[in-house]
Structure formats: structure tokens, C-alpha cells
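For reference, the structure discussed in these notes is given below.
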């Protein structure tokens, strides 16, 4: 299958509220994500970022519009094991070691056309070589999140979905993990959809940043980030980087005021 | 990797600079180790318990003098126990056997039903109301009928014990099977894990802490179930329940109390045993 | 017979013809359940002794002894359900059970005297004095005692009834003023404890009762009449044996083996001696071990009056069959041994 | 305030633009309302339950024909109930009264001890082992002795019920009193709140969900305790336990089953009542 | 008492670990915080920031050195109700309304020399006027955190301690709350000790930033922020602000590499 295009046309998603009124969580979403690109999604809380990921991965169905992943419906793509997913919390199984947590998805994901990568090597690469047999409770927050990332990468997915994976980490740990994420991505060149709250994180990582606004959840802006790769840490002190940050900040402020968002 | 954080303190073999640790001198270390090892031997730990024990024993003694038809001097009870320990041991083993077999059957049935109930909504809606009704039914009242239906020997006792243990296990396991956090389920749903795989790899292991919680309840409960069955139902004259019944009909109060003490001790032992097993098995779980 | 004598018991089938031995074996395992654990009462003691003396074996009977819990209704259910083939049930219990749909057949008894008695403090000289006082029982007042109280003219609505446990000490302690019990049990216990009580026996008020009665599952009895006869033969013989003063100690020994070290030999001996004595003082009008039809008719009336269940004398007669017992006792009230 | 975010959706009286909400037409709304209101009336909800009920009733009928000394046709049971409802009502009230008084006493005692135990380590170390022993003791065996000690009437039944209810409440409340999150405690410790204030304002309210969890267990349990006491220890011949005992001794099986059904129904009712009360009182609590 | 000086001299704090070795959570801390200043503390995870706050507020005692708050020991200062504390999570009582949560500390903090401020007005000021009687479960994350801040300010404390109060919020909500915190502080001029992970947050809020490093927990740098007040949101796009950010980043990087910190 290789890397994958994601296409969304006129997608809408409703949730029936307790008062029987339908909440429009996503409205009129048109989005094409080129194969192998790194796309960030940024927007205020409640603008439908997580809902968007759930639609792409086929966990929920759209109420209107069309979504395809490599030309398949999301459900078919999931059956074909196209996805890797990294949630906000690492979501590791407390009774399995780091290695066990990383290998378990393979047990339920035996796809004929790709072998299992050397997961131990991958873990060693992100600095978990000495922690292969530790339990999650013995790990720091950053180590847990790295395990969750390797778990997703180890599947060699066509599409990697990340829902605010670094939200709970401190600034420096976060930066270190961003770097590792980029390196892994440059090896595999999967299509990445990355949800974040952080402006600088979005600029640092992405080819393209999708800005969303809430009420109803919609796309207000798509900004291309033309910074050279590989992007190392020093890049964030450069004026170009700062300029992109300001641009994104302005765009986001609009999204916030439009949405009259809750804080 | 340009900025690869190291492992946290204490988990690396020997970091070059450890000034953040104040390693105590060997004497200090020995003292600390002794202090920790003997923690449970310190009076602050056992003295309150022993004091209350003494107070209760004295109270018992007074009670025995005031109400001789109710309490028996502890010495007499100890006498009965030491006189014929084999008798108590044999009857204890009978009751324990009934209790454990019943518990085993109840556990397997309840666990299986919990799995079905948590996977199939139709079965849940059909079965759960009856499970609640079963749990609030005084099974003691049914025990004599069970003997008539099942005859003598272990069968009615085992069935009653299984029934007594059934509900706490069912409720706990059904809760435990739902205890997989949402994000974990999402991760495995995005790789299209089947229901069976989710059950096997996620739900069943996640339910273990709940399983142990229920075991802490039902291990002692199974003893109570077996005794109730022995008390209420005819059949062989073995088991501590029968010992209590016969002795009580013959006004041998010392034997009655001896059997009750043996039961309480055995129940505490089972409770403690489950707690210990839990700590072993669930080393990954911190409540 | 197979040519064995009374003294050389112990060989399988030694007291029975080969043909009858085969028939008895065809009856399969016969479960006997006692009335109340291994108490040395009539209908329990001799069953234990018959087993230990090898009488069942002599008659090719495969008998398994089970201790009962003392719950009469449960014993009746077990016999009716065929879980138990033979067991003690008093004649009045046989009537109440049949009246509520449990089919059991009465086949024998040792006496028309009942064992249920009422005990009071010595200050009570007339049962009428119990009005306004408290009477303790173990769940319900036996019909015999009820009939006795009625005979004495007691208005039961003026007596407070409470359910009590096994400890008879509540009577001398004054927690109750009267206590229902068994003539052979509680009075002996209290005597041993040095307490003075008055024992009121329904027999003295001409109230009918029964002592040491056996009942069987009717369907099974119909299929294996020989086995029923030979079961009665064995226990009657054992009863006679153990009733002899010289053998009491031996038989209590057998009982003690089953009941365990905790059993109080002195008390059990007193129970056995008391019951044998009552039976001897009130012999049946007919053959030893049979069922007295007049007694049954009288009991039917008592049950109808005091148990709230309508039992006609005809119904009652149909629930008993005295032929099994009569077949194993000769006209001199001697048990026929070996079987003919 | 320069950048003051507004309130979240749905909580403001009427935001100017609500295009994020798709208000249904009045017809749609009515349909949805009906659908929700009649949710529990939909066959998918009640049909499985009713089907199992029918299956069980048929099974019961067959059982009644096969084992008439064990099961009784349901019609007969209903007949007994409808013939003399006052009899059952009165005895039910007696048992319920014993159960609730015992539960009340047990609750007050257990709650008070839980507070002491959670505040004073010495008491905890002294008392908790005995609480465990008490919980594993088959109280049925002690019931006859209690009658001897406490005489007839309600006292022994109330005490037994209180003992039966004691342990689950103690354990749950002791856990609940410790359920105040660390940061909350820190906040109130920095304003030097006294132990009593922490207990009153933080610990006791935080324990309420645990209190209700224990009530869901002990409300039906108290009925079982009262019945066991009546069965094993009775004094006066009132209460459903006595009804069962007397009827069973007289082989009136229909009455026995009628009493058991009444008990099961009442227990379920109490269970459901606690669940309802919990939803009311703990509206702030989402488990 | 008025606003308060906090002084720490040679403070050390040890924790005995499971292996019986003492961990030096804080070592040789010398720090003077002037009355009425806003001091931020920044540093990698595990460098002892929370421990420092617990020592100042008297919840724990130092193993060596001396701490005074307004000349009193921390315990005495707590008895005199000198402190207000805002933890990382809002730590509201779920059974009390917003107003109930804010007033409860007053019930346990009856100090004669200061009346109770108008808490309703304070709540209205931070935009919670319509939510006075709502339960915490009905509030958004930002609203909860504002309630926690008012709870602490409502005590009119001499010393306000905040332990990463905005860690769980998204970037824009965070900025809005920073603004409100500054306004409240400018009204009361309490001494503020503010723990944070965020560089820009530290620069925006503080008169002085204390940089800490772990293993052992210690102070590596104290940076004065000479930006004019009041500081509104626009300030963060200014070059001076950016320069302070870079300076702090460098200082922090040293702290990270010195500490060989866990991520």
C-alpha cells in the first residue's frame, strides 16, 4: 500500500446532546492530506480534533460527506491495518513490560505483506534499551510516551495518528521527543496527522498546519510551513520560526474569538 | 539521537556522579536495615493489638463467670482443642474441602457468566436482574431443600457454597472487564483487534485486581457457606458445622466455641492468604 | 436357611436362603437415615447395632447409615423423594406428611406411648397454672403435648410461646416456665445438672403417641417387600439384644464409635434405658413391633384437631401397613431368626 | 479583564449565533423525546428479561412436576400469597423492622469506629485484625447463643443483623475517609485546617460514595441477617424466617416458597431503593 | 503582617528511599524573596520545586538550614494563616458549588485581623459570575482553575504559592489566566512563589526567575526580568521578551544537562 492519501469531502459529524438537540462537532470539512506529509491540527479545546482522528481511523462514521484513506473507507483501511495511533496519555498496559506493550499490537495485527520490524532495536534507538523489561510503573512520563510512540511506529503504519501525545510532558522532555518523532518519521515516511495545542510544536514538526475553530468544529485556515528539514532544536530560535509562530498565533486568535470558546 | 535523556535516578547501573544520594555509612545502613526489618516487631505495631486482645480475653473471662451458659473459660476451650486436635483437624478439612470445591465451581460459573454478560447486551439485560435477586435471597432458607434434591454427601454443601460465592464474583469481574481505559481500547481498535483479542489481552488481565477483590470477600464467605449448609442440612455428621450443631444440642459449649474459633482462624488465614497472593500476582498493580 | 445359628453371625447370607439373599441384594443399597444424629434413641440405636452386629449382612442387606439433622419434615421429604428408603418417623409425623402430599408408609413401632413431654418447674402442680406464663419449644409444640394441654383444660391463647435452642438450662434459669422436650433427653440432662423439674407425659393424659416407629418409601417397599421385612427383622433383633441389661454397655459402645469421642456415654445410656423402659411399660396390644390400628385412628383425631390438617381414620389407616412387621415376629413376640 | 473567555456551550442563556447546534424541528423533537422516554419500554430492553423469566417459570413448572417435594407450582404459591396477604405483610414488617433497626445500629457503630480508626493509628492497629476475624466468623453458629444471652424478642435478631452489617460498612467507610485527593488536603493544610475541620468538611463528604456502596451491600444483607436470626435463634414466632421454619416443619412448601419470594422481592426493592437514593444524594459524583 | 519576606539559608531536604539511601531532594538552598515580588521557579521535573513549596508552607520540615516567613517559622506562619496555595490540578471539592469551594477555606481560616473579601465580586471579576452555583463537574478546565485561584486570593494571603497551576490547560486559556492572575496580584501585592515548566510563562509573569537543577535539587541561576508592568498579552511578541526567553532557555539547558535528568 505504501504511504497514503487521506481525503475528506464535506464531512459532518453530529452528537445528540442530553437536551435532544444535535451538536455539530464537525461541519463541512474538506481536507486532502498528501501521502508521506506531516500535518498538524491545531485549535481550541472542543473544536473537534479528536473527533476528526476518530473519523479517519474508522472508529466513528461521518453523518455526511465522504472520507477515504488510500482509496478505501476508513473501516476497510483499519481492517487492512493501515493505522497507528498514539493517544494523549501513553495508555500502556500496566501488566506488560515495555517490550510486551510494544509487541502486543503485532499479535493482533498479523498482516502478510509486512514483517515485524526489530522492535528491540527501535526501542534502543529512542533510549529505552535498558528498560525493555521494566513495567510502565517504573518509567518516567517521557519514557512511557516514547514507548507509546514506538508501539505505533512498530506497526509500520501507512497513517500515523497522534492525539496531543506530548500534552502531559514538560517543555524540555517534549522537545526531545519531538526530535525523536521526526527521526522515526524520516525513516518511515508515513502520513502523519498530529493533533496539538502548542503553536511552536506545530511549526517545528509540520509540513502543513490545519487551524480549526469550534462551534461548529470547522477548518479556518491551512498554513504551509516551508522550513528546511531536518529541523533540529536550534531552528526554534531562528527568526523564520518566530515569524511562523506569530502567523499561526494570529490565525488561532481568530479561531478563538470566532468560536467564543470556553476556557 | 541528539538529545536523548538518560534513565531516571536509581535505575541506571552506576551513574558517574551520585552526589544527589547520601549513601549512609555501613553502620548507619545496618541500623536502618534493622529498624526496617523489625518494624513489625516494634511495640507501636503489636502492642495495641495485644492490649486489646488481653482486654477482650479478660472481658471473656468475666463473661464466662457471669453467663456460664453462654461463654466458656478460654482455658476450657483450649483444653478441648488440645485434647483431640485430630478430631478438629479432620472436621476442618471436611468443611474446607466443601468450601473450596464450592468456591471453585462458583468462581468458574461466575467468571464465565461475567464474560458473556459483559460482551452480549441481551444476556446482560436478561441475567443481571436475576443475579441481583439471587444475591438478596436468604440461601439458608433453601439449604434444607437442596439436601432433598441433591442427597447426602458434599453435593448440597458445594452447591450452596457456590451460590453464596457466585454474586460477589459476578459483579466484581463484570466491573473489572469494563476497567480497560478508553485510550487503550482506542489504540487496539485502530489496529482492528477482534473482540476475542480485546477480551483476552486487555479485558481479562485488567479485571485481575477486581478478581482478587472478590476473592478476598468470597474465600472467607465460602467457609461460612459450607458451615451454613452443614448446619441446615442433614447428611454426614462431618464438618465443623455439624460439630457445632451436635455439640450445641448436647450443651458442650466449649466444643461449640472451639469450632467457632477454628472457623474464625481459618477464615482469617484465607483472607490473609488471598491478600498475599494478590500482592504476588498483581505486583504491577498499585491501588 | 444356610444352616447358621444365632451365635455364629457374621457370614454373608448366614440367616437367609440363597434365593431370598438374591432378592435382598436386588433391592440394592438401602439408605437408612436416623432421626437425630447418632443419638441412642429407639429406632436409631438398634439400627447402629444391627449394622455392627452384622445382622444386615446376615440377611444380605446392603444398608448405609446416614445421620439425620433432627428436622422431621426434611426426613419425611427425603423418604418420599426416594433419597432415603427407611427411616424413623413417628406415627403422627407420618400422618401430617401424607396429609401434605409426602408419600411415606408407616411399618412398625414399639409402643403407643409418645416421647414428647412437657417440663415445668416444681412449683407448677397443675398445667392450668401455665396460663399467663411462657412456654418454650423448638419451632412448634408437638401435637401430643398440645393434646395433653387441651386435656388439662389450658387455654393456649393465654400461654406465650417462644422458640428456644437446645439448652434446657433456660427452664431452671427461669427464662421460660415450661419447656417441650423428649422424655429421654432433657429430663436426664437436668437431673444430671442437679435441677429439679416436673415432667408431664401425654400418655398419662391418655393422649396417643408412638415410640420408635419406622417408615419406608412406599414405592420401594412395594417392589422389595422381602427387604422391608428383613430390615425390620434385623433391627427388631438388635433392639431385643440391646434392650437386655447385659448388652446395653456393648451397644452404647457401638453408638459411641459412630458418634465420636465427644459423645457423652453416660447421657446416651440414660436415653436408651429410659426409652426401653417406656416401651416396656406401655407394650403394644398386638404383636411386638407392629402398628396398632386403634392408636392410628386415635392419632388421626388428634392430628385433625391440633395440626390443622384434616385426616380421616380411613386415610390414616391407608398410610400404614403392619404386615411387614407381623411377618417377622412369631406369636410369642419373638423375632423369627433365621428367616424362613 | 482583557481576554475573558465566555462560558461553554449550552450554559449561557442564549448565545447570539448557535449554528453549532442543529435544533430539530418540533416533529423531530417530539419523536426523539418519545424515543428516549420509551427507551425502557422498547422490546430490546425488556424482552430478554421477560424471555428468561418465562423460561425459568416453565423450568419451575417442570421441576414442580418432577420433584413435588421440592418445588411447588407457581399458581399455588400465588394462591398462598393472595389468600392471606395480611399474614405475609405483618411478618414481612416484623423482619423488615428487625433488619432496619439492626442495620441502623450497625451503621452508627461502624461509621463511628471507621472515623476513630482512620484518625488514630493506635486504634486502627488494635481493632482492624479483630474486625477481619469478626467478618469471617459464621455468625449463624452464634445465633442460638445470642438468644440465650439476650432473651427473646427483637434484641438477638437486631444484634445479629448489626454484626452482619458491621464489617462491610466499616471497611468501606474507612476507605472512603481516605479518599480525599492529596492536593485538596495540601490546600487545606496550608490554611492550617484542624483535624476536625478536615474530617468534617473533607473526609466525611468524600466518603459518601463509599457509604452508598456499602449500603447497597448491607441493605439486602440486613434482611438475610434477620432471617438467619429468626431461623436459627428465634424467640417469638413472628417474621418471615419463622414463617419459613414453621411452614417447612409442617411441609407447607407453598408457604415456604412464598416467604422466600417475598424476601427476594423485598431485598431487590431495598437494593433498588439504595441505588435510587444514591443517584439523588450523589448527583455530584460520577463514578 | 502585610506582605512578607521569605528567607532560606542553607536549606537541605532528604528523603529516605526504599533502598535505605537518602535522596537529596534539595541541597544548600539560599534564597531571599522580597515582600510583594512575583518570583517564578523553573526547572526540570524532579528538581525539587514542589518540595520547596512544601517547605515554605510548613508542610514538611527541612533537614538542615533555616527558613523564615515574615520572621516566623513556616509552621507559625501557617497557623497565622499567611498562605494561599494553588495546586497543579484545581483540587475542588466536587460536592460544593463554585462559591462553596471558594468560601470553605474561610470557615477554617477565621483570622481576626482581616475581614472576608467580597468573594462573589472576585468570582465575577474572573468571569465566573454566571457559574457561582455550578458544580465543578459542570465547569471547563479553565473555569475550575480560575476557581482555585480565587479560592487562594480570597484568603488575602501574605504569601501565595502556586505549583504549576496552568500545566493542564491549552495555550490560549493559559494566557488568559496569566493575565487574570497578574491583575489580581496587582490589586493585593502578595508575595508570590510560582512554580512553572514554561519559559514564556516565567518571563511573562515574574520579577525574578529562579532556575533549578536536579540531582541534587539546587538553585543554578536567578534571573531578574526587567520588563515594564502592567504586562499585557502583546508583550510576548516583543523582541525584549524573546531575548529573555532565549536567556532563560540557555540557563535551563545547563540545568538539564547538569542534572542528567530523566525525561
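When the chains are written out, they are named A, B, C, D and E in that same order, and each has its own residue count from 1.
By our rule, a residue touches a chain if its C-beta (ideal position, glycine included) is under 8 Å from a C-beta of that chain, and two chains touch if they have at least 3 such contacts.
Treat the numbers as computed from the prediction; the structure is a model and nothing was measured.
Engineer: Using the touch definition from the top, how many steps at minimum link chain C to chain E?
Structural biologist: The fewest steps needed to get from chain C to chain E is 2.
Engineer: For chain A and chain C, what's the span in angstrom between their mean Cα positions?
Structural biologist: Roughly 85 Å, centre to centre.
Engineer: If you average the CA atoms of chain A and of chain D, how many Å lie between those two points?
Structural biologist: 46
Engineer: What is the distance in Å between the mean C-alpha positions of chain A and chain B?
Structural biologist: Result: the chain centres lie 45 Å from each other.
Engineer: Residues of chain A that contact two or more other chains, please.
Structural biologist: 140, 142-143, 173, 176, 261-263, in rising order.
Engineer: Which residues of chain B are in contact with two or more other chains?
Structural biologist: 5-8, 69, 144, 148-149, 232, 248
Engineer: Would you please write down the residue numbers of chain C that are in contact with two or more other chains?
Structural biologist: Only 71, 74, 77, 81, 165-167, 170 qualify.
Engineer: What is the complete set of touching chain pairs?
Structural biologist: According to the stated criterion, the contacting chain pairs are A-B, A-D, A-E, B-C, B-D, B-E, C-D, D-E.
Engineer: For chain B, which residues are in contact with chain C within the complex?
Structural biologist: Where chain B meets chain C, its residues are 69, 84, 87, 144, 147-149, 151-152, 232-237, 243, 245-252, 255.
Engineer: Which bits of chain B are touching chain E when the two form their complex?
Structural biologist: 5-10, 15, 19-24, 29, 32-33, 36
Engineer: Write out the stretch or stretches of chain A touching chain B in their complex.
Structural biologist: On the chain A side, the touching residues are 54, 57, 59, 78-79, 81, 83-85, 87-89, 91-95, 104-105, 107-109, 125-127, 130-131, 134-138, 140, 142-143, 151-152, 155, 161, 173, 175-176, 179-180, 183, 232-233.
Engineer: Okay, in this complex, where on chain E does chain A touch?
Structural biologist: Residue list for chain E touching chain A: 44-45, 140-143, 146, 169-173, 176-177, 197-199, 237, 242, 246, 249, 252-253, 256, 261-263.
Engineer: Which stretch or stretches of chain D touch chain B in the complex?
Structural biologist: 44-46, 48-49, 51-52, 56, 67, 69-70, 122-123, 125-127, 129-130, 132-133, 135-138, 140-142, 144-145, 148-149, 220, 223-224, 227-228, 231-232, 241, 244, 248, 256, 259-260, 263-268, 270-271
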